[in-house]
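The same subunit A turns up in both complexes below, where it pairs with subunit B and then with subunit C.
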Partner chain A sequence: MIVIDKLCYLSKLRYVNPIEKFAFAVLTLIFLVVSRSIAMGVMVLILNGYLTVRLGGIPSRRYVHLMVVPLTFIVLSILAIIINISKVPLEAFAIPVGSYYITSGWDNIMRCLQLVVTAMSSVSCLYFLALNTTMTDILGVMRKLYCPKLMCELMLLIYRFIFVLLDTAYHIKTAQTARLGYGTYKKSLNDFSSLVQTLFIRSMKKSNALYDSMEARGYDGEINVLEENYPISKRNVLLITLFESALLLMVIWIKLKG
Partner chain B sequence: MKDIVFKAEAVKFSYTETDKYALDDFNVELERGKKIVFMGANGSGKSTFFLCMNGIHKITSGSLYLDGNKIEYSRKALRDLRSKVGIVFQDPDNQLFSASVRQEISFGPLNMGMVEEVVKEKVDKIIEELEIIDFAQNPVHALSGGQKKQVSIADVMVMSPEIIILDEPAAALDPKHTIIVNRIVNKMVEEGITVIISTHDVDFAYEWADDVVVVCKGKVIAHGLPEEVFLDTDLLEKTNLKQPAALELFNSLVNKGILKDGLKAPKNLKELEAYIETI
Partner chain C sequence: MKKEKRLFLAIATILSLAFGIVPTANAMHVMEGYLPGTHCLIWGVLCIPVLVWGFMSIKKTLEHNKNTITLLAMAGAFVFVLSSLKIPSVTGSCSHMTGTGLGALLFGPAAVSVLGIIVLLFQAILLAHGGLTTLGANTFSMAVAGPFITFGVYVILKKLKVNKMVSVFLAAFLGDLLTYCVTSFQLAFAYPSEVGGVMASAVKFLGVFAPTQLPLAVVEGILTVVIIIGLESFAKPELRAIGFIKEDK
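Right after this comes the complex of A and B.
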């Protein structure tokens, strides 16, 4: 998560209007999930890879690495669908084990392929958004979409204080290790529990201090901040509209055919 | 006639609402446009008084006056007070709540009810003035301690208050950022803002301040020119403060008869050096 946060501030697409990026990612995602088309999935995978790595300037090794994480989960869960244990061998493959077969049919394998492609292309849409848009900008889009204010404010504070919390935890751990903490397994458990305790108490104190300091600047129940204004690129809007319309037509065609 | 911007009269304040007072009969008059240093041990009540000045803590008894008007605690009055008295907190991580520098700075003025266009202009101006521009696009969690300090000062300066309180601004700053912060503080003074700094650095206080306020156990025990306060050895001993190096050295040189009696006390080591050159 921290890696993604670092990368998105370096992305060359960072200053592209976040609404454009959001619309592209979310609409594509919806069409993918509705259609479940393998062709469309592969197309989107390639396109998102191109956009993120080439245009966004995210290192390709990092991108592949990030994509492998969900892939592992998907592959593991797909094994359960592919592998059947049956007395009758199916057409795709069959490994005899005693009087049973570990086996699978073509339709099963196709369904799995469809699942993998849909899932991975959907993930690539979200990665495109996450790797090229800062959290602050995503929050701005959410506010424009009339997301409940309370939720936006919570997200704003949580996002900021995740880093403070991690930093504090890191410093406490360093201090513990410097005094020979985490030596044995039993000690580790003990030390970790005191780390959590301290962290909790510090968090309470910090939240009080933060409230004071916000009040000192006239906070009265609502966090109002300036929105960053990004220019709208006519070219991008046109491209996104064309692309999404094409996807929509594809979805309709697939649904009518099926 | 002195122009008093802020006055505290027999102020008492208790965190626990018992007889244990964090501020106990606290009296002080602060002059407009002055550079004021608050000194005193940890837990002496400096920070507590600052929070009272801004209306975060409601005083138990006594009265506070801003521009001669008694401080009230209605919602509107508080908003007015907080737009006039700004506090820069010691730890920027307790103050910065947004991950975006621009959004962070815009928070105060928007709370004051300024129009967005005006706020935008002010934020841009302050980012330029306080040398924040180079890292204004970075997320707050990627800034260094000194940069966070600059942003937290901008937070308050952008509201154009009459009084700015800096609670130990030099704590944990490297020399480079100390210089930047000092430059910013001098800018505030030029703009006619009353600047209050709490510090333990006697050399800085002696050289920089127009007025020194010494706080001990919830009371003001001395208030005067730095020359007066730092020559009062009894007082210094009582509060565990050291004499500024330049003054201490100057006094011993005078006592030894190396320097002439009746010279004006030097403000810093450079001035003292100039005296020694003339021997």
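Right after this comes the complex of A and C.
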């Protein structure tokens, strides 16, 4: 039901040590956001594309589709940055409307380009992590990073419940549509509300049932799970260290230069 | 005449472009990598006090009755699923509820702030809505500002003895609206306009997102009212269990 979750179980990089993948994705992400350099962005974009599609084996069509997801946001917000309304025309372009101009300067356009590249390459980092690491592995990493225990348990349970509830919602919706629900606009508002109401009651019931079953199996305030052990590959660690230190040097150089 | 025609054509193109893109619109998550590093940090730090407070309140509740943990987790999943369901929208396109408004009404703002950050993390990783670096900013607008306003408005209107339906509608509507305003300002602080600075930029961001967000806020308000009415009529025991209905008859 959730495409990314399905794909990450099929990834060929799934059994690579999650800490390595996490470190690579997050460090690269931080360096990108701090430096905001176009060259670095393009490089990371290509590298992540290669890693995810070639090594990870995620279908390229799927990958492109996923990269388009945040496009709405970027198009709308860039529109807001590029368009200026002023009485004086700026150098890049100026469309006269009455006594005002819809206008923009070159700096601004460069800034937008930088923004698009940084944002898209950051998204590719996020996808590298999401498409090659299962959520349970990410939770394992968070546990190792001293995330509060209660938080980790909540995340574990929420992750499980999301699929239970999505499934329930899906079945309710199918049943509703089979009975000619969502016909008119007013009807669809009503039907949607009754879906949410039923979902709420079901989820309350399920949460009580789950607590009972947990207690029956000896739950006393903490959930203990066994984690899978992934071997650490020396080659990967070396490559990641080299790559990240190269990026770090680049960031320092960019920051010193201007 | 020709000039007018051209202007009309331009406006029509822009509008159709705007609405053509809308179908994939989701609630206003600031995307990954959009904000500069310092902004990410500042918004994150702003959330911490609220998160700590929420965390403490959850811990305290758990000490009293342990079975709240599954309930809280269910609430988190409920908010996630709510925000991923397509809702009927006026423009013919589909959009999503914020979900945190209804969550705040049902479970209280403190719990929703903690659940909110988890839900946002899942949305970033599982749906690519929002991101890891912008988690702080998104948490501030969606899991802190929105729910608190929703809950605050609801409590105040309840004290003033305003009709319950009206107060629920206003609470959800204003909460949604505030989320959208806060996000626009977050973007404006990061990218002040060449002409007119932060305020001008904020107006532009507000304007650009208005066609999707304003109808959404109204629809979300209406839906929340209908949902609450329905729940009150046939889920009284459950509502009492989570403390939404306090006084027993």
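Keep in mind that, in the parts below, the second predicted complex is superposed on the first by the 248 of 258 C-alpha atoms of A that agree within 3 Å, B and C clash if a C-alpha of one lies under 4 Å from a C-alpha of the other, contacts with A are read in each partner's own complex, and residues count from 1 in each chain.
The criterion applied here is as follows: contacts are C-beta pairs under 8 Å (C-beta built on N, C-alpha and C of every residue); 3 or more make two chains touch, one makes a residue touch a chain.
A quick note: this is a predicted structure, and the numbers were derived from the prediction, not measured.
Visitor: Check the residue A:Val26 against both partner chains and state whether it touches subunit B (first), subunit C (second), both, or neither.
Guide: second
Visitor: What is the contact status of A:Thr134 with respect to subunit B (first) and subunit C (second): first, second, both, or neither?
Guide: Only subunit B; A:Thr134 stays clear of subunit C.
Visitor: With the two structures laid over each other on chain A, which partner does A:Ser233 touch: subunit B (first), subunit C (second), both, or neither?
Guide: neither
Visitor: Once chain A of both complexes is superposed, is A:Thr174 in touch with subunit B (first), subunit C (second), both, or neither?
Guide: neither
Visitor: Classify the contacts of A:Lys206 with the two partner chains as first (subunit B alone), second (subunit C alone), both, or neither.
Guide: A:Lys206 contacts both subunit B and subunit C.
Visitor: May I ask you to decide whether A:Val225 touches subunit B, subunit C, both, or neither, giving the answer as first, second, both or neither?
Guide: A:Val225: touches subunit B, not subunit C.
Visitor: Could you say whether A:Ala216 touches subunit B, subunit C, both of them, or neither, answering first, second, both or neither?
Guide: A:Ala216: touches subunit B, not subunit C.
Visitor: After superposition on the shared chain, which partner residues are touched by A:Asn190: those of subunit B (first), subunit C (second), both, or neither?
Guide: In the superposition, A:Asn190 contacts subunit C only.
Visitor: Look at the residues of subunit A and decide whether subunit B or subunit C touches more of them.
Guide: Ranking subunit B and subunit C by residues of subunit A touched puts C first.
Visitor: So in the superposed three-chain picture, is A:Thr72 touching just subunit B, just subunit C, both, or none of them (first/second/both/neither)?
Guide: Only subunit C; A:Thr72 stays clear of subunit B.
Visitor: On subunit A, which stretch or stretches are contacted by subunit B in one complex as well as by subunit C in the other?
Guide: Residues common to the subunit A contacts of subunit C and of subunit B are 5, 135, 157, 159-160, 164, 206, 210, 214-215, listed in rising order.
Visitor: Quick one: which bits of subunit A touch subunit C in the complex? Just the residue numbers, please.
Guide: Going through subunit A, the ones touching subunit C are 2, 4-5, 26, 29-30, 32-34, 36, 66, 69-77, 79-81, 83-86, 90, 104-105, 107-108, 111, 115, 118-123, 125-127, 129-130, 135, 138, 148, 150-151, 153-155, 157-162, 164-166, 169, 182, 185, 188-190, 192-197, 199-201, 203-204, 206-208, 210-211, 214-215, 221.
Visitor: Within their complex, state which residues of subunit C touch subunit A.
Guide: Those residues of subunit C that touch subunit A are 18, 21-22, 24-26, 28-37, 40, 55, 58-59, 62, 66-67, 69-78, 80-82, 84-85, 87-88, 90, 102, 106, 114-115, 118-119, 121-122, 124-129, 131-133, 187, 191, 193-196, 200-201, 204-205, 207-209, 219, 222-223, 226-227, 230-231, 234-235, 238, 241-242.
Visitor: What part of subunit B is in contact with subunit A in the complex they form?
Guide: 51, 54, 56, 75, 79, 82-83, 86-87, 89, 91, 93-100, 102-104, 106-108, 110-112, 116, 119-120, 123, 138-142, 155-156, 159
Visitor: So in the complex, the part of subunit A that touches subunit B is made up of which residues?
Guide: 5-6, 9, 134-136, 156-157, 159-160, 163-164, 167, 206, 209-210, 212-220, 223-226, 228
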